[in-house]
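Each structure below appears as C-alpha cells.
Both complexes shown next keep chain A, but they swap its partner, so chain B is in the first and chain C is in the second.
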Partner chain A sequence: MTALFKRDLKVLFRQPRGWLLALTFFVMFLSIIAIALQGDIRVLNRIAAPLIWLAAIFSLLLTFESLFAANIQNGTMEQYRLAGLSGLSIVLSKFVTVFVTSILPLVLATPIIGVLYQLSVMHIASIALSLLIGAPAVLAMGLASAALVSGQRSAGFLIILLTLPFMVPVIIFAQAGIDAYPREGLGNAGFLALMGFSLLSFAICIPASAAALKINME
Partner chain B sequence: MLASDALPPTRLTFDKVAFSRGARTLFSELSFVLEPGQIFWIMGDNGIGKTSILKLAMGFLKPDSGEITCQTNGRSIPVEQCIGYIGHADAFEPLLTVRETLAFWAEIYDADPDLNTLIEGFGLSEQINLRTSSLSAGQKRRLALARLSLSNRPIWIMDEPKAAMDQTGQELIASILERHLQRGGSALVASHYDASAIGKHSRKLVLETAR
Partner chain C sequence: MISYLANPQRFLKFARIASPLFMFGAISFLCFGLWQSLIVAPADVKHGEAVRIMFVHVPAAYLSMLAYTALFVASLVSFIWRHNLADYGARAFARIGIVFTALCLVTGSIWGKTGWGTWWEWDGRMTSVLVLFFIYAAYLFLWVIIEDQKRAARLAAIFAMIGMINIPIIKFSVEWWNSLHQTATISNVGAPGLDTVYDVPLWTMIFAYTCLFGWLSIKQVATDINKARIRRAPKTEGATIKIEVV
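After this line comes the complex of A and B, so read on.
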C-alpha cells in the first residue's frame, strides 16, 4: 500500500488542478459571501461555521468524480486486481491521499477565512478542529459514491446526489461541537458525535467502496 | 531482461464454460486446458468473443455455467497468483515516467530488477525519463510487455499483443514469449492476426469460436 500511496500522491502533486480547484473554490466562495454581506461582521460571525462547512463539502465534492474513473477506464484497476492489490488498499490509498492534498489545505486555509470574517482565535480553532474531525466522513462517503458510479454518465451529479443527504448530520454535529468548544473543549458531545460519525462512515464506506469497485469491473 | 528461473507448473482449465452477452450466446460447453509451455491462440473476427474468454480466465467476467480454474501441482490457486495480463488498455498513469512506472510495478510485484537493463531490453532507453503520455502506441506496448515480464506470473494473457507494434516490436514479443515458455510459463493469446507470425517456434493451439 505504501507504493500505491506514494504513486497516488506523486500523481496528485503533478496534476494539482483537482485539489487547487477545491482550495480556490473554498476561499473564493467564502470571500464572495463576505463581500455579498457587505462585511457585516455580526452576521458573518453568526454564520461563519455552517458557511465554512458548506464550502468545505462543496469543495470536496469537486474532487471525487475523477478519483477512480481514469484508473477504471485505462485498465489500471484490472492490473491492480491481477497484481493482488486488494480493493481496500486501493481505496485506503485514495483516502489518505485526498486527506493530505484536499482536507489539510482546507483546514489550513480556515484561519485565513477566520481573519477575513474577524472571528476570534477560539472560534477559528473550533471550526478548524471540526473540519479535521468531520471531513473524513465527507471523504469516506464521497469515495463510496465515486466508486459506485465510476464510469457512469453524469457521475459528478450522481455523487452529489448520493453524498449530500448524509452531510446533514455532519453539519449539525459540527455546529454543536463548535458552539460547545469554548465551554467544554474538544471532548464536548458535538465533537464526540462528529468523531463517531466519521469513524462509522469510515468503517462502512471504505469496504463498501472496495466492493463497489469490484462490482464496477465485472 | 527477464528472470530465468523456472515458473511453477500451472494449468488453466476451462471446463464446459458457457457465456452470453445479453440474449446472444457467445459460446457454450467451451473446454480446454492450457498446459505449461503452451500457447493457446484464440483467433476470430472482431466481436466474436476473444476478449470475453480472456476476461473470463481472469475472473473479470463470470461464466453462465461451467468452471474455470488455475492449478499448480493439482492445487487451485487464485488468478492473482498465476496470471499476468496485457490488454487493449495501456493501464499507465500518464504523469509518471517510464522509469517511475516500472519502479512502481516492480514494487507492487515485489520484484527487484535492474531497471536500466530492463528498460534497455525493451528498447525504451531513450524514453526512460519521458512521461508515459509522451510515448507512441508501440512504445506503450513495449512498456506494457516490460510490466508483464515483471509480474513473474506463469500464465500470460495477451489481448492483441501485436497491435501497434513494428517489426522489431513483433520480434521482441516472439522472443519474450519464447523465453516465458522455456521457463515453463504459458500464454493465452487473443489475436485476429496470423498466429504463426508470433512465437512461431512455440507450441500452438488454435481455437475458433463460432457465432
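After this line comes the complex of A and C, so read on.
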C-alpha cells in the first residue's frame, strides 16, 4: 500500500504534465474572466469565491481522464491485481496522490488569485480553507466518474458531465461557509456541512470507484 | 412476484396482459382527469385559470421522483443479481423519467410565468428538479457512450446508486441556499392547503401518470427482450444433411 502510494506519487511528480496543466488552467481561466469583466474589481470581488471554486473543479476534472485509463492500458492495473492489491487500496492511493499533487498546488495558488482580484486576506483565507475542506468531495466524485468511464473514448467530457450535478451541494455549502467565515470562523454551518459532505462522498465513492474499476478490467 | 417475473419468458407473458391493462387505465384516467381539471374544476381565486397547469405539472414532478426511485431499485437488483431484466428496466425508467422531468420543468416554467411573472426563478424546487434532470442525462449518457451494453448496465447502476444517495443532499442544500438568499418567499404556489375541489382532478391525474409510467416501462422492457432475442436468433437456416439413397 505505501509502496503503491509512493509509486503513484513518483509517477505524478515525474510527469508534471497533469498537475501543471491543471494549475496553469486554473490561473489562466481566472485571469481570462477578469479580463472579460474588464478588470472591474468590484464585480470580481463579489464573484471571486464561486469563480475560484468553478475553476478548481474544472481544472481538477480535466486531469482525470488519464487517471486510470493509462494504468489499465499499459497493464499496470493487472499487475496490481496479480500482486494481490485490492481495488480499494488502488483507489485510495490515487485519492491521496491527487490530493497531494493537485489540490495542494491549487490551494497554494489561491493567494495569487487573491492578489490578481485584490481580495482581502480574510476572504482569500476563507476561500482557500473551503477548497481544502471541500476538495475531497470533488476528488471522490471525480475519481468515481473516472473509474466509471475508464477505457472509453471521449471520457474526459463524460467525467465532467457525471460529476457536475453532484457538485451542487459542494458549491452551495462552500459559498455559505465563505460568507459566514468572517463572523463565525471555521465552525460555521456551511463549513461543517461541507466537511460532512466530503466525508460522505469519500465513504460512498471510494468503494464505488473500486467496483467500477473491477468491472472495467474484466 | 419479482423473482417470478425475472424470467424473460414469463415477463413477456405478463406484459401481454399487464400492458393493455395499464394502457386502459392510463387512457381512462387521463380522459376523466382532463375533463375534471379543464372543465369541471373552477378557476382559482389567486391563480385564475392558470391553476389548471397544476394538474399536468404536479403529477409530472411526482413521476420524475417515482421514476428515479424505480431506477434506483432496478439498479440495486441489477448490481446484486446481475439480471438482464433489471438492466432493461433501469434504462426504461430513466428514459421515461427524463421525459417527465423535462415536462415538469416546462410546465413549471409556464406556470411560473403566470404566477411570478418570470419563466424561471432559482427557487429550491425548480433548481433541484433541474439538477435531477442533469443526473438523468448523465446516467443516460453512460449508456450511450459505453458500447458494451452489459458493462454499461453495471457501470450505470453504480452511478444511479451514487445519485440516489446524493439527491436528498442536493435537495437539502438547494433549499438551504434558498432560505439564505430569498427571505421573502415568492407566492406559495402548489403548496398544501389547496382547495378540496382540486383533489379529484389532481389525484386522477396522478393515477393516470402512474398508469402511463407502468405502461411505457412494461412496453419498453418487452421491446428490449424481443430486440435481444432477434439479435441472438440465428441469422441463417440451420444446416441440414440430405442423405440420398443411391
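Basically, the second predicted complex is superposed on the first by the 218 of 218 C-alpha atoms of A that agree within 3 Å, B and C clash if a C-alpha of one lies under 4 Å from a C-alpha of the other, contacts with A are read in each partner's own complex, and residues count from 1 in each chain.
As a working rule, a residue touches a chain if its C-beta (ideal position, glycine included) is under 8 Å from a C-beta of that chain, and two chains touch if they have at least 3 such contacts.
It should be emphasised that the depicted structure is a prediction, and the values quoted were computed from it without experimental measurement.
In the superposition on chain A, A:Ile215 makes contact with chain C only, while chain B stays out of contact range. Touch criterion not met for A:Leu119: it reaches neither chain B nor chain C. In the superposed model, A:Ala176 makes contact with chain C only, not with chain B. In the superposition on chain A, A:Leu131 makes contact with neither chain B nor chain C. Touch criterion met: A:Gln152 reaches chain C, while chain B stays clear of it. Between chain B and chain C, more residues of chain A are touched by C.
Residue contacts after overlaying the shared chain place A:Ala56 against neither chain B nor chain C. Chain A uses residues 218 to touch chain B in one structure and chain C in the other.
The part of chain B that touches chain A in the complex is made up of residues 58, 60-62, 79-81, 83-85, 87-93, 95-96, 100, 104-105, 107-109, 147, 151, 153.
Chain A makes touch with chain C in their complex at residues 141, 144, 148-149, 152-154, 158, 161-162, 164-166, 168-169, 172-173, 175-176, 193, 197, 200, 204-205, 208, 211-212, 215-216, 218. Residue ranges on chain C touching chain A, taken from their complex, read 131, 134-135, 137-138, 141-142, 145-146, 151, 154-155, 158-159, 161-163, 165-166, 169-170, 172-174, 176-177, 180. Across the complex, chain A meets chain B through its residues 3-4, 6-7, 10-11, 14-15, 73-76, 78-85, 217-218.
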